[in-house]
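Shared between the two complexes below is chain A, which pairs with chain B and chain C, respectively.
Right after this comes the complex of A and B.
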């Protein structure tokens, strides 16, 4: 194998696959990346592939191919060499188990392993792909992914649920304490038959690759994996086995107390008050006082930290007409939710201080229904 | 003359009951009077001596000795099974006597207490007089003997009470401290255990005099804040407050451990023991209203070598089954798979109190309700009255009060 390419292009491509390379692994070859040249139709291409066995990333970039071939080499060392190389053309060539990297007057050689040792790349049959708008996809992911559970005792919650329901496409994530659900109306994904649970790692990568670009993403559903195909990147991930818990059941239907507050001022106040909250529970108390009419209510946010001997209290105006109530939340959970809310105002639909609250912004974005559920902390005096 | 409005000199007393468990047993059963009595976890099993009466100590029997060894030294000893309820009850009685003299009574364990007598002299007389009064009342009301040490801080008071046993009363004045401390081994100070003392020995520190002269900066570098504390200890200085009887040190961890009657090689036995200990830890966490997220497993092998390993989770738990699952994961890594196991211990730390994240899912909430119901039944009818089928044949081991015992709020009111 032999190719040459500008340093900056190679480095950029390398960096995009590097995050999939596991930092610690018992399988030596996984800390390598696969380099493979291709010359189909006379267009020279280099394929870079990395995997942690759950997720595969394959990035293609145009290079000047001088000889076809392939090899796997230690990802981190290779990236370090390329990163430190001067801004010039880099030539990479390989024999069976050795790679030579040349630029200017420098020659660097490292040992690699043959392609056969590397896990088999997923089969990508582009004829089967379904197209989805990239911006829609990132919107779905960004608004739910923060809710995914990291606790491995309930594996189904370690991923985002993606499904088509009626004329809607939905994504849901929950860790048992909070839940985020977004529905895009009239955006049914044709060819999606079953609910899938996708690990957050691949979705994070996906949003990074899509970025702010406006283009379609191809999706191929496999037996127990999912493949995303972008312009020059293929991402593949195993799916998490279901069933996903019945989340519809936990969305309250008769929360009769409504709190409406300004998103910006609520966010900044929670962030301030949280400084003096308990470092383990991050508890911030919401003290709701009803107003005379539709407006004029008040929301007192307070926290206590015994270790610091600290206490904080701040009041912001809000609309609230229910009876006075105190409710405790994990400040981090509140901030995670508020961060995703678009628009000026946020609504909390509440019932009691020990039941789930529904949170959504007003007005909602057109063609979209987005809500979060948040379970309180039990307050103890 | 000192300015009468200046700070009063601190007067701390440490009351240490003599051969507490054994004396209580002798008091309750007159037949045991004058006889060598050994209180132990399980007379039929392989437990150790929890307390030996003074009659038994004359034969060389010591606390912590294996029963087998103790019986060899003192063949006519009477074995009595540990009865924690009796001791806790007596301990509460003792507390109520101390509280007559000062509200600052800190139960240090089931048979030890610190009393802050600062400023009580006008009411009850000199510290020695107060100590004599306390000893007299304890003897009259409970028929028990104790040793009382008096000093200007907890460290000195505790040390003084150790100087004369049984039935001692020692006042350690600040002037005597340098002379006594010069030759005193560091291991006799409360807070310096075998591990720390052997480490100090390696640094060339054997006596408190050595500790005092050792450069403070080096100690601080080696031990952090504790280093400064140690340096002060060498000088007999300590400013720890005696807590009020209704205060308690915040609980940092909850743990249970048990020595098996015979070394276990069977996975089944060990697993069951870990499950049982986890259940006990869970029950106590819930009793105090805590959840924790660091689980620690300790294993002691047949050759007495002891290993611990801990794991910190992302969630807070208090269900014995969750604790058990994590403890077994640690077991898989920790156990050498070869030696017999003599003792296992499970503990949970990194605790939060009562401000719990509620769950969205009904199933999880039901689980909590179930646990609370089980706890209520067991509180009423006794531990393990209702339990998982797996634990029906609970491993029998010691029923000994741990050194970490402190009166709980609802117990303090017993009078």
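Right after this comes the complex of A and C.
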């Protein structure tokens, strides 16, 4: 294999794959990255691939290919050499087990391992891909991923569920205390009916790669993996073994008490009151008082911290027409949810002080249905 | 067709497993038990190949990329867990580096010969972290193979909490998983582990097979191979180890050891035991005691005058060391007590009693004629 490329381009490409190279592993080859040159249709390309066995990142960049071939070399060392190299053209050539990196008058050699030792790259069949708007995808991910559980005893909850229902696509994440569910209209996804559970790691990477750019992301659903194809990056991840628990049945249908508050003032108040909350439970008490008419209700937020001898209390106006009620929440959970809410007002649909409440914002974005479920903390009298 | 050609003997195990494979009725977890070096690990690998092999005619084909990767212990879906001695590095990163190095070494030994035995100087353990990582691995779908396989070597090294933490996954592993546990003694495992696996016993390998393998693998002469096969007690792993080790063999060593202890007075014996306990690894001491048992066996053969063959009779009667030892072990009951004490000492060392203390106790019991007489 032999190719040459400008340092800055190679370094940039390397940095995008480096993030998945595991720092500790029992398979030596995983600390390597795969370099492979390709010359189809006369366009010289270099493929860089790295994996930690759960996630694959494959990056292609245009280079001047002089000889076809492939090899894997220690990722960190290679990246260090390229990083410290001067801003010039870098030439990389390899024999079966050794790589030679040349720039200016410097020659650096490291040994590598053959491609066969490297885990098989995911097969990317672009004909099967379904295109989804990148912004839509990041929206889906951002609004659910915070709810993913880290509890090892329930592995299915350690990922985000992605499913299609009619012409809507749905993403759900829950850890048993809270649940986030979003659905968007997407007619292209109609053919796909299998539920997949995606580890959060690849989704975080994906949002990072998509960034602020506006383009479509190709998605291929494999039997054991899911592949995201971006312009010059391919991400793939193993899926989590299902089945996902039936979450629909925990979403209450007949919560009759409705609280509407201003998102901004509620967020800042919760954040303030939470300072003096119990450091373990982060409990903030929501005291709801009925108003005379549609508006005019009041929401009293309070917290107690016995260790500090601290107490906080603050009241904000809200719309509330149900019976007076007190309900406790983990402030962090409330803030996580409020952070994702768009629009001006947020609605809490509640039933009792020990049952799940539904939270959503008004007005919702067009074509989008987003709701969060939050379990209250039991208040100790 | 299913052909476990890499496995020596163990016809029953082969039959059970190939039957299960044919009917696609493989259990989700197997516990392979039997002496060290009889092919438990090797069978684990072959089974991993069999469930993942791409070939349709002969499984495992040993030729496809998957079989090759599994043989080289680098297949991403086949996770291997070894017991490890305590790590000595000071910081976490040093420890991690040492662990990587150890595992690499172990893998090298096991790739050079699947029957090779791993030897450690210290008591080994399987950490709970290892089990946690295994669970994470099993919870995801396979990478490139059809099934995720986990092979845990010498599961008896797993701590109580580690064993408990894997009960759930062992009872009901996530889809497409196969767990293979190997152990030397089922008795040392938690019942809850044992009851969740299908048990397969690996029997000792007949001498002729071991002899044949030694000739084939290590190109030993027929005479040497048969000698080693005789003293390897049905373990191919042990035979390979003995064959590869230069210098005097265990039996010779044991004779010297016993001679030294009986010819000299007690203070010298103590010095000698101290030396042995410092220089020998735990495994080597166990071998030495095994050697002693073989010597006792020879002594009893002589005292009864019964041998397997004329050649053996000639050889044994000519042996000067045995003749000398016979003066210390005159009656058959003394020999029996010797064997019994040796077994006790072995068990004590396996249960982590200090080598020097155990050996000393062993020798005192042997030398204490009075006690011998009473019994």
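For this structure, a couple of remarks:
The rule is simple: the second predicted complex is superposed on the first by the 373 of 381 C-alpha atoms of A that agree within 3 Å, B and C clash if a C-alpha of one lies under 4 Å from a C-alpha of the other, contacts with A are read in each partner's own complex, and residues count from 1 in each chain.
Assume a residue touches a chain if its C-beta (ideal position, glycine included) is under 8 Å from a C-beta of that chain, and two chains touch if they have at least 3 such contacts.
Predicted, not measured: the structure shown is a model, and the values here were computed from it.
In the three-chain model built by superposing on chain A, chain B clashes with chain C. In the overlay built on the shared chain, the residue A:296 is in contact with neither chain B nor chain C.
In the superposed pair of complexes, A:179 makes contact with chain B only, with no contact to chain C. In the superposition on chain A, A:238 makes contact with chain C only, not with chain B. Residue contacts after overlaying the shared chain place A:158 against chain C, while chain B stays out of touching range.
Contacts of A:27 after superposition on the shared chain: chain C is touched, whereas chain B is not. Looking at the shared chain after the overlay, A:225 reaches chain C, while chain B stays out of its contact range.
When the two structures are aligned on the shared chain, A:53 is found in touch with chain C, with no touch to chain B.
Comparing the listed stretches 56-64, 290-298, 326-334 or 398-406 of chain B against chain C after superposition, the clashing one is 326-334. Residues common to the contacts of chain A with chain B and with chain C across the two structures: 153.
On the chain C side of its complex with chain A, the touching residues are 65, 68-69, 72, 74, 76, 80, 96, 100, 103-104, 132, 135-144, 168, 174-176. Within the complex, the chain B residues that touch chain A are 289, 313-316, 322, 325, 350, 352-362, 364. Only residues 24-29, 53-54, 116-117, 119-120, 152-153, 155, 158, 199, 223-225, 238-241 of chain A touch chain C when the two sit together in their complex.
Only residues 150-151, 153, 174, 176-179, 245, 249-250, 278, 280-281, 283, 328, 330, 354, 356, 373, 375-380 of chain A touch chain B when the two sit together in their complex.
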